[in-house]
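In what comes next, subunit A is part of two complexes: it sits with subunit B in the first one and with subunit C in the second one.
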Partner chain A sequence: MAEVGDLLAEAMGHSLPVGKVVLVGDCVETSGAFVLHLLLKRCLSLDSSFAVFVALSHPFSHYDRVLRKMGCNLSVQKKNGKLHFLELLDFSARSKENSVDDGFCKLYNEIRKAVETARSKDTKASCVYIMIDDISLLEIAADGSENDVLNFLHYCSTLTSEMDCLLIILNHEDVYSSEEAPRLLAHLQHLSDIEIRAAPLNTGLAADVHGQLTVINKGLLNDDRRSGRRIWNFQFKVKENSVEFFYPGSQH
Partner chain B sequence: MATGGGQQARPTRPSSFSRVSSSSFSPASSSSTSTSLPPGVRIGANGAAFVSSGIPDLDRILGGGFLVRSVVMVMEDADAPHHLLLLRNFMSQGIVHGQSVLFAGPTKEPRSFLGTLPSPVVQKEGLKIKHDVSDVQDKEKGLRIAWQYKKYFGELTAVDSHNRDKKQEYSSDFDLRKPLERQLLNSQNIECISTQDAFDLSKLQNHCLTFVSKLSLKDGINSNAGRIAIQSLCAPQCGYFEKDWDMLSFIRSLRATVQSSNAVAVITFPASVLSNSISKRWQHLADTLLSVRAIPDEDKDLAKLLTGYQDMLGFLHVHKVAQFNSQVPVILDASTYSLKLQKRKSLVLERLNQAPVEGSSGVSYATSGSCSSSKGSLLDF
Partner chain C sequence: MAEGLIVRSLRDGSLPGEHAPALCLEDSLPSPLASHSHAVFRHLLTSLLSTGTGTAVVLVAFHRSPSFYLSLLSPTFHNSIRLLDCYSDPLAWKPNHHPPPPSHSPQNITLLTNLNHLPHFLSSILHLAKDLGAQGHERVTVAIDSVTHMLRHAPLPSVLQLLTNLRCHEKISSLFWLIHTDLHEPKVISSFEYISTMIASLQPIVQLPDYANANISASITSLEENYSKAKFNLRLKRRNGRVKLLCEELLIEQGSVKFSSVPSVSSVVAQNLIPKVQFNIQLSDKERMDRANVVLPFEHQGNGQNIEIYDGRRSLSESQNDPSSIKIGGLSEQKRSNNNKSEKGEIHYIRDSDDEQPDSDEDPDDDLDI
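Moving on, here comes the complex of A and B:
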């Protein structure tokens, strides 16, 4: 079986997209964290690659063990300098003297520095990922200041073109669906080139199918893509060591 | 943050390949302390440590109990105080096991809540009842039980007699009519804090931090697991009620605190007083998410739809179940259960038993001939 799962790789474009922003959306019923795990594994399994992981949701040990079951050793990757892991469980952008802006400034600079160092060491690194888990926690760290979070994200997205890397953001979409003015979500959707949405099945819970994934690839028509297809919808089942993707009714 | 390699209650994976092993959870580093667990903590699949919720049925449903280092949130129902049942059993279980308990409530005298905590049922009785049920189940395996009688047999449990003693220790049945003994309540490791007039959450946050740091102070001796119980965190009478982001910030820092210690936090909150989007943010912060719902008193339609309706106190719905170091979601056979008082004293959770619908006319057997529109869509089985 090809890595990442055939359908997801196909939907995202077989050749690794660079200079793009990927937005992964999920909800309370269905978590989208497995997409991040898959993409991280895919990145680190390449020979020359680098990833910056901004973890606001779980400690390093959690990701380490989850990825280890998938066949990727994060501790080793960290030691080899392929992974820069930022454990920010307690991150508060606002500190005593500084404003929220400054806190995000520092974070951005740290990410930028990590990516620059990686690029300078290996200018031909094919795959550099910046992953953020997740945006709603960034908002809490910013005391609800949407503007500061948006500024931070805009800066990070400039890195994608400057440094030829991919920005992957996990976002809890159901937080915004009930709001009157879902500004942050609208911005994120506008910013992103690929949207991956994890949602529960309409028919309810099932042991064999954990949910459905909708992938919207807004990328311009590439030469190597046979069709100009933009929207994929398929189902998935999350396992300890991998994720299965399949069209409804066609599992095995 | 509180860390400690000598703590036995914190399991580490012995190898990089997943192996379900309940006994070899001690870390590879040389540790001279014994491999016995602190009281009230049990190891489950993947080396995850659990503490009992105080309700044996809920422990079973959640796959062992409440995961240590996780945050459990309970969405309250504005009409009925069933969340207090969960909180009380949770706290009583901790006190019975000698674990440290921190309680925060939106009243002037939160200490008085301790007076409502239930006392455990006398052990021998419980043991006998479980024996009978499993014997009967063994005999009747070959028979197909008609749906009307299923309620007498209860759930099929895979508990064998060997583990039964251990199980009784881990999770007690509580008698809701009998209050917990005074001397247990006077122990030093029970703290009560009022959130009613608190202008902000910094005091509570500091209390939680000190509480958790005390858990790991004892070196060499197995430190206890700790329980943090917070009632109605966003109740309107709390001084910080308007500050949405402060509350979210508190929960996030509590989560971080709990993740690096041997504590479990249970937070109940009236979701209806929060805006939809803020409520969703709260729900996302939970590792395990439950909600309780009241049952309307004289709902004839529901009475026809469900068996045993008169005994039901309310519904418990399980939205999310915490997973330890795994990306696989927990899918339950059923996610809505009914809360009942068995023999008027202990809390049980039962799967909803819907009367079968007759094929041709679509009328439920439980109705007396007349067609009634079922409100089955309210419940999701």
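Moving on, here comes the complex of A and C:
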């Protein structure tokens, strides 16, 4: 199994986390999309796995190009039934026939059906990921209705416990950094079990280090954790076909 | 001590004619224990169910699946708990033909699919409470995780009315709920605090400036400490209107919760209770001395006799000859001798202690926990 990157895998738990919600946060200065690419590659590289990707931000060709450089052919995975890709660039939950609530209900049921189908084919699938890119576009699709977005995310999170999935959400935190609208971000932070934050370096731009990643693994009450550690902070460098993670000063 | 007070209050329920006691458990993101406020929630559930006095719990589950809560509790408690499942399908999005997940036990889990209809929600809770009562459980506590989720589906007045209706109902002996304070306006939090008899809040041991936008790399040590400890502030409203404050430290170790008292903090909490008003309500040292020198009415007869302060160890007659007794200046001896011979009624006032506050109206029986 190809590891994501030792430090990120260590922070998320070496055994594949299931039944959890992962919130990936980034900002304009430092994009966190590479985390989604890494986790998608990690999932699809397993023999028994399945991924549902809800893409509101980029078309399939974009992700296919990026993952191909990382050694993962999304077209083949899609053809083999390991990837269910929902391209929703023009998605609007409201339509002439549906309210926003109905629109999200249909999207949720499509995701649930895809996961159920995958589970029925291979009940021993070790890894089922549901990935959403990204929340701010979901809110636009909901005509700004924060409550409808939260209802949809709640239903997606129920799949984590009912179907042993991992829900991964990308969120642009600086969109919600104003005092008027921090509530959606706070809701997401309350909902998530693992937070991964990509941020620029405190010291500014650098050629060899592209940013820092903070992982907060809150864990659950019945988690068998060997270590009590919950917070990791390390730096990263995004390469053409991989990502390097290292502690400050330890890059080779 | 805080834990014992809470469990005792929830277990004992209310006196006839009174509303059921209600605990409002508050948390927020700056205390990372927000994710483990459920540890406190679970701890309270376990403590209640293990009292062995016929207590049962109706748990309204919004945040996690019912099977999650059942997995946290010992199987011996499963017969004493009923779960109202508001997590799996609160808005009836799932198709009708969708079978319930196999992990659900149909015996003590009831699925709710129309959360927007609060009267049905209330009747579902009461139905479960009656079911427990029919099985011999004399006391039924309703636990809600959390009212934050309820407020996304119903307006504040409706939720408050529902909680009040639960407190009034004869089948409900006590009530407690969890609320995330950083997801609501202060007036919403205050509204829930007003209808509760106990308010417990989790706060971080180390205050960080801004959790959402914090420079985490610089504060990892503090965050790690906040993950294992928290301040647990409890405010109890007594029937006579007095408010008792407790501040303890909370430790989370391998999923279990431990409380420890922090006496030094309670005095700080008490000092912070002094209302901040525009006029000065504190006394300076000079003002205290001047007040100590004021002779109160009935402490003198105008006859030059000494002011008597009873110290509890000797008779009054001995204290009269005590040279340390305070003498009043400016009274003539003649007046003293005349009053000794007078047969008019006199009032002898003996102050218990020089430290007694003249305006004290504290009920000496207030500390009794009846």
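One rule holds in what follows: the second predicted complex is superposed on the first by the 241 of 252 C-alpha atoms of A that agree within 3 Å, B and C clash if a C-alpha of one lies under 4 Å from a C-alpha of the other, contacts with A are read in each partner's own complex, and residues count from 1 in each chain.
The rule is simple: a residue touches a chain if its C-beta (ideal position, glycine included) is under 8 Å from a C-beta of that chain, and two chains touch if they have at least 3 such contacts.
Predicted model only: the values in this text are computed from it and were never measured.
Enquirer: Should the pairing of subunit B and subunit C on subunit A count as a clash or a fit in the superposition?
Expert: When both complexes are placed onto subunit A, subunit B and subunit C end up side by side without any clash.
Enquirer: Return first, second, both or neither, reflecting whether A:117 touches subunit B, subunit C, both chains, or no partner chain.
Expert: In the superposition, A:117 touches no partner, neither subunit B nor subunit C.
Enquirer: So, does A:183 touch the first partner subunit B, the second partner subunit C, both, or neither?
Expert: Once the two structures are laid over each other on A, A:183 reaches subunit C alone.
Enquirer: Check whether A:239 is in contact with subunit B, with subunit C, with both or with neither, and answer first, second, both or neither.
Expert: Only subunit B is touched by A:239; subunit C is not.
Enquirer: May I ask you to decide whether A:230 touches subunit B, subunit C, both, or neither, giving the answer as first, second, both or neither?
Expert: The second partner, subunit C, only.
Enquirer: In the overlay, answer first, second, both or neither for which of subunit B and subunit C A:210 touches.
Expert: first
Enquirer: Have a look at where A:161 lands relative to subunit B and subunit C in the superposition and call it first, second, both or neither.
Expert: A:161: touches subunit C, not subunit B.
Enquirer: For the combined three-chain view, what is the angle at the C-alpha centre of subunit A formed with the C-alpha centres of subunit B and subunit C, to the nearest 10°?
Expert: 120
Enquirer: May I ask you to decide whether A:68 touches subunit B, subunit C, both, or neither, giving the answer as first, second, both or neither?
Expert: First partner only, subunit B.
Enquirer: Considering only C-alpha atoms, give the closest distance between subunit B and subunit C in the superposition, rounded to the nearest Å.
Expert: 14
Enquirer: Where on subunit C does subunit A make contact in their complex?
Expert: Residues in contact with subunit A: 29, 32, 34-36, 38-39, 42, 64-65, 67-68, 71-72, 87-91, 93-95, 101, 103, 148, 152, 180, 182-183, 212-213, 215-218, 220, 223-224, 227-228, 255.
Enquirer: Please give the residue numbers of subunit B that touch subunit A in the complex, ascending.
Expert: On the subunit B side, the touching residues are 13, 16, 18, 244-245, 248-249, 252-253, 255-256, 259-260, 275-277, 280-281, 283-284, 289, 319-320, 325-329, 331-332, 335, 380.
Enquirer: Under the stated contact criterion, what part of subunit A meets subunit B in this complex?
Expert: 28-31, 33-34, 37, 58-59, 61-62, 65-66, 68-69, 73, 89-90, 92, 136-137, 140-141, 143-144, 172, 174-176, 178-179, 204-207, 210, 238-240
Enquirer: Can you name the residues of subunit A that touch subunit C in the complex?
Expert: Residues 101, 105, 108-109, 112, 147, 150-151, 154-155, 158, 161-162, 173, 177, 182-183, 185-187, 189-190, 193, 197, 202, 212, 214, 216, 218-219, 221-223, 228-231, 233 of subunit A touch subunit C in their complex.
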